[in-house]
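After this come two complexes, each holding subunit A, first together with subunit B and then together with subunit C.
Here is the complex of A and B:
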């Protein structure tokens, strides 16, 4: 019942905030959001699961109630956590709380609606990571879109309407493709599968011999391949990988800072999480067959994303494109299909969530006082706002993978796991190319920092820069603390991730 | 077991209660014709429809229509099978009474400035009586009488704003096309009677089944075709759909909600009943030489496509909703298109679920238009711009209804469309299933356009502060809440719909 409580608190909080007066909405939402955060931390300490949720592992905090029976299939309310989903749930609750605090300064109209939507997103994000029935999962997955669409569309920058509709259409079409493919898969599995519970479907795919019957004249092998590719494409848009990344910079640049924090911090992880849960758990044979093209996409995302970031002059765009690059590492770790590769990728999901959240907040704080994000408009900000500039630099080093910060551990384990992969042909070449990406990352980050933070003070816009308020700075320090904590003591979450990831690789027949 | 048995006609209690309420409203008006007590009139009408709803729900819970083997009370027939009260009838009576209650509550505010209020409410209740009777009618004669009982008050209701040109024009168009299609329907009945010699549905099926009608295959086929025409009119499907945009646009918005939700559902229940009870697919096909489901496959695809494409090009919100309601008639027609296949009960059950969910979400959307008309903000998308700044709660409810109409999870509309989709695939209707998905995706465009207008766009002109009429708000919020609250209840609803469909199909 704990997961239900978590979701219910966020949902009720959203409703209460929605009708509360604008004046108190921000503080109220913050107070409410502390409850799920505390609950999630309690779940973390009381976690007693083991193994992978889809492959017969011991679930924590699970509940399974029959919901709808239609024809041969049963849909159930089925939720539970394992070592992959729990850290993501905890990260989500923390990021939402911090995002709420970071909105106090920039959001100055229709506050109760804004904070209500943030809490509504939180409920759905928790649901995405906790759901173990396809329909329950899909409901939460889709329900994230609507509040994010409104957050961008109402409180965004000058081109917000375009960005919001582009985000919505892109990701919705992708969901439709993925949804159709998955339903075809379940129909193809035939009479053996009578529910949409993900463990049952995973079992039928991995141990039950997969699709046996032809569907609409498509033979089983081809059908499985089509489903795998369609689902990969559906999730690839969400991640995003090149060439499906074009919605991301628009959405990020136009979105208000807190929405960017959640978009980069959690929404992108929905894509990689789903890839891990569906494609990489249920289709071990197809993973092997398509390893090289997927690795190529991953490496292209790393390098091309970094090159795109190098070419930007808008700070927020730089951070946005860097996400494309970072998500490429995650895909590389997944396709390596080794213990270190996949658990490193899972670790990197959490790590990148924290670091990118931090970077967007830092850029947001700078924008709040300077009213510009253009690199060319400012220099020497360290002179006037030393704390915010310091945090920005620290976040950038986290991105570059400075040891003792979480980014280092995530990327190191991914490279380590990918280099030794037996499943992936030319794995050393791919790993080397991806590692070269780090150089470009360091390049664009240092280049941008050098121009904005260091050097003599200069600002094109004529705003008086004062000290940033404490509630602007505090969330960034919390994130920075977590990043360093995970960098120093990665085993806090890495062990449970490894435990949950190992069964995938055993059944997959890889390393 | 009960100590004493009630007479059979009491099984029609929901319809009887609606009729009694309509008459009570006349009495109230005749006591003091010169004064209008809005609260009393709307209250009586709502209480009557809620009582009918309560009785229908009670019947369901008490097992009326559930086979006696399963511990229920079995199907109750009235007047020698001229009416039957089974799960199908009760399911649609629930849909109809729910919509009636929502509409009468909303009308309390909407009709504030208008004359003829007592007449208005009693006409609504009379039309609802006709619709509830349609749900139970089991013979072509009773079906026709019930159809007319629901149609005639509807014409008057559309035209009730006598000073409004649009209202009168819509009423006239509705009446003319209604009269024409009634004539066609009646002619169809006479042809079926000529071919089979019966009007009661099961006996028609018997005649078709034992081969007595084999000599009149052409006659029967023509009769069935004309009956389809009559249904198409009542459900606002192609080819008799073109009254709908005019009538819905001209009518008072609560009446548009009433017609597009309840009246459409009533049209579907007679179509479901007639085509499953009287014309079993296989036997009828061997007599007339054609499988009638082909007609519904074509009509379903054409109706949903036409409705959605037309809706996408509208500038007027009410017209957009009118065309969208044509599109949804197309989705529900899948229920008839897939009946011949093995999973026929699933397809029809899914269509019934869609009509139930549609009863809430579509009524909610039209009631928001009623609210906008009450505020006097205008008719086009642009006029609606920025309403969420002034009325966030109402706009939130609208958002839920529209996203549900578009079939976005987790709302009710997603589930019913998903069940339609899988059951159509199961029945082998690949083309129909694909058309459903494509049309749903397209519909998101025009629904989200309205959401964008109220939530994201800035108002084009300064507006005075908007009042919060309690009746309209209550009805709108209830419709939206029910769209969401159906989710946990979807299990029993799905069971009932599929059971009801199985019962009439076998």
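Here is the complex of A and C:
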């Protein structure tokens, strides 16, 4: 019942915060959010699961209650955690708590609604990572969109409506494509499957011979391939990979900082998490068949995303595009289909969540005190805000994959896992190309640092520079601490990730 | 897990400065010397422990232990082994023990020197400075005794970070942050290849250990013996490829052509930082790495030849640029690049001892010269232009005589330390060159560079210390304290006597056994198996020739290089050791502009960054905005409703969207349900 408690606390907390007075909403939401964080940390320490949740692993904290009978199919409230989902849940609760604290300074209207939505989004995000029934999962998946849409649409910048609608429509259309494809898959699996439980469907796909009957006149092989591609595209928008990424910079630029933290930190991971759970777990044959194009997409995302970041002068756009680049590494790790590659990709999801969260917070603090995000508008900020500047520098080096910070471990294990991949043809070439991202990322981040943090102090805006408050800085130190902790002791989560990833690889035709 | 005796304390060598880093960063503001004391104590502790280790290793013990495993997993490697472990471990053998002493000694002296150089000037940001030095010393020491390639890479990157932070110490200027960025970017470009090399080696052999039965060196030997095919190449070719990839990182850090351009710019940092990081230690990391995994390079004559050629070329190339510089630190910067070229040449021809010997001597005399330059800069009230100096020799005798010792060592004048090691490098290059024409060319370049070295070194000495004072500050020097003089004296003595540890030419002529360093590196006191000079020498497949006999060749080579060095010094004497020297640059004619512009190396690299990469990025951005995003927007406009209808849907009321979402979701369910026959 622990997962239910986690979700329920966040949901109830959201309701309470909604009706609380604006004045105390921020502090109240923070206090409430500590409960899921503490619970999640407890779950982490008490984790006793093993194996992969979809492939006959030992689930932790699971519950499975029949909910609705839908024709021949049973829908159940089925949740549980394995080594892939648990770290993501913990990261989500921590990031939400920190995002709430980082909102205290910038959010000064309709506070109770704002903080209520943050807690509401937390409940749904936990649901996405914990749900093991497709319908339950999909409800959470879709429900994440609403609060994020509102956060951008109400508290966002000047072009918030355009950005919010673009985000909503784009990702929602993608979801529908994916939804339709998955339903088709379930129908195609025929009598072998009697529920929407993901383990059952995965079992039918991997061990039961997959789709056996033709559907709508499409033969089973083609149907499986179509479903694989459609689901890949559906999730690819969420990740996002090039060329489905254009909603992301708009959403980030317009979103209020705390929403950006969650968007980059957690929402993008929904895409890669779903890719891992669905495409890469249920379709070993298609993964092999489409390895080269997927790897090409990954490499293009890394390099093209980094080049786009290089061309930007808005700090938020720089970090936004760099996310596209970083998520490309995750895709590369997944398609490598090796223990280090897939585990590294999973590790990178958590690591990038923390680091991008830190970067957006730092940019937010800069915006709070300077009222600008344009690289060309400022220089020498280290002179006036040395601590915040120091954290930004540390975060930037984390993003560049500095050793002893989590980013290095994620990237190194991905590169190592990808280089020797048996599944992926030309894996050495793909790895070498993607790795060049580590040079470009240093280019645009160091350029941004040189222009904004260093040099003689100068600010284009008329605004008198203020001081960053302790509660602006403290969340960044927490994240920095976690980034270094995971960089020094990655086994804290890498061990359980490997354990959950290995069964996936064993299904891959003896690879 | 813990070792016995001295080795049990080995981790503390690196950890002391790490503690100093944390202390300086958090409490430095409130401490009397702003963190200097913590740094001095920490590096003194590291130095004492390093000396203890050196004695212990001399007693025949070595240490190779894994201390911490941070990842392990299954992987089927190309060479056929299974599984891999990534660990942190220590490898303490004659090479690393020696290097630990060098690094901790120079770090300690630089900390002491900083008391006089940085603290006395009322600098702000001193805690940041000492924190940076502490973090650097930690990373560098950890790099030195890393027992595997991945750990070495990690600390290799971390010293790069420290270098970035310390070059940019005076961040309020425009030039320092720019130089810091350039230094990190250029070295990172090299590190890209290094990391690719690490990944390739790990994927190929399933191990990244430097030493022992499970090392990648042994695995590579086995693969070559068995004639295996690795990633589509025969084993030796693949070893060459991976070795050259790692070399990318070496060339970046050790500032070898064409990745040398960052080092002269790095002089923007405080002079103490230049002495520690950009002369004696971090720049040495590249060369040290080659020495550390020399067994691997020894397997590939091609890789060695590349190293030798790059080294020889860089030695000459950088030396010629040094002759026209007016800033005392710039002269030293180009000299540093040139000297690392010699080390590369030495290692590249299989002269493991010669390369390490020169690395050690250079660390001492170049740290001395940089600190001496620092003292001169203090004396000159922060003037670095040599044309504004002159006549300092009587006013600052200790600075002058120690600087002179360093200069004689750098120029390679007998019997100062630099002579012995540079001569050994050249001798090794010559005997191999007599059989391999490519290496003979490298040797010739390095030999010509000796002349230029003698010239620019003494041009610097004469302009700075001799003649008449050429500015008011030169007439009225600022006094320097003992915290500045003491490190100069220690290093000055070392610059004179350090050569005594390996008097190879005398040993040959007199037939006495006085090549201690060679014995040391050959494991005659104690060593890890396989990591000895003889083992390497047997693997290196170069043939060696001689002119007449070995002794004749040796004497000939030594005489030639000494003659050239003296000729260079004499030329400088004639031109610049006069009361009122003039630049004489017009004598260079057309070459002058090229030299002053550093062969336009910066220009083309800036061109690549600003005229190629940036426009490509902007083009990608325009493409992204117009084509990709344009497509997305036009699809959304043309979809389902058409423009005007869509406008009505976009009411801006969020509740409407929520309702739409739910309606759409239910509608889809109904549709699929009907198709799927769930309601029948």
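Miscellaneous remarks
The rule we apply is simple: the second predicted complex is superposed on the first by the 509 of 511 C-alpha atoms of A that agree within 3 Å, B and C clash if a C-alpha of one lies under 4 Å from a C-alpha of the other, contacts with A are read in each partner's own complex, and residues count from 1 in each chain.
By our rule, contacts are C-beta pairs under 8 Å (C-beta built on N, C-alpha and C of every residue); 3 or more make two chains touch, one makes a residue touch a chain.
Predicted model only: the values in this text are computed from it and were never measured.
Looking at the shared chain after the overlay, A:150 reaches both subunit B and subunit C.
Once the two complexes are laid over each other on the shared chain, residue contacts for A:19 go to subunit B alone; subunit C is not touched. Using the contact criterion defined above for the overlaid structures, shared-chain residue A:408 touches subunit C, although it does not reach subunit B. By the touch criterion stated above, A:310 is placed in contact with subunit C alone, subunit B being left untouched.
Looking at the shared chain after the overlay, A:339 reaches subunit C, while subunit B stays out of its contact range.
In the superposed model, A:68 lies in contact with subunit B only, and not with subunit C. In the superposed model, more residues of subunit A are touched by C than by the other of subunit B and subunit C. By the touch criterion defined above, A:477 lies against neither subunit B nor subunit C after alignment on the C-alpha atoms of chain A. In the superposition on chain A, A:463 makes contact with neither subunit B nor subunit C. In the superposed model, A:110 makes contact with subunit B only, not with subunit C.
According to the touch criterion, the shared surface of subunit A, contacted by subunit B in one complex and subunit C in the other, consists of residues 70-71, 73, 142, 145-146, 150, 153-154, 161, 165, 168, 172, 176, 180, 183, 187. The part of subunit A that touches subunit C in the complex is made up of residues 70-73, 142, 145-146, 149-150, 153-154, 161, 165-166, 168-170, 172, 176, 179-180, 183, 187, 242-243, 246-247, 304, 307-308, 310-312, 338-340, 343, 380, 382-383, 393, 397, 400, 402-404, 408-409, 412-413, 415-417, 419-420, 422, 428, 431-432, 435-436, 438-439, 442-443, 446-447, 449-450, 453-457, 488-491, 494, 498, 502.
On subunit A, the positions that touch subunit B within their shared complex are 18-19, 66-71, 73, 110, 112-113, 138-143, 145-146, 150, 153-154, 160-161, 164-165, 168, 172-173, 176, 180, 183, 187, 216.
On the subunit C side of its complex with subunit A, the touching residues are 69-71, 73-78, 150, 153-155, 157-158, 161, 164-165, 168, 171-174, 176-178, 180-181, 184-185, 188-189, 191-192, 195-196, 199-200, 202-204, 231, 609, 613-614, 616-618, 620-621, 624, 628-629, 632, 636, 650, 652, 654, 657-658, 661, 664-665, 668, 672-673, 676-680. In the complex of the two chains, the subunit B residues touching subunit A come out as 343, 346, 349-350, 388-389, 392-393, 396, 399, 403, 408-410, 414-415, 419, 422-423, 425-426, 430, 437, 441, 444, 448, 452, 455-457, 488, 490-491, 494-495, 498.
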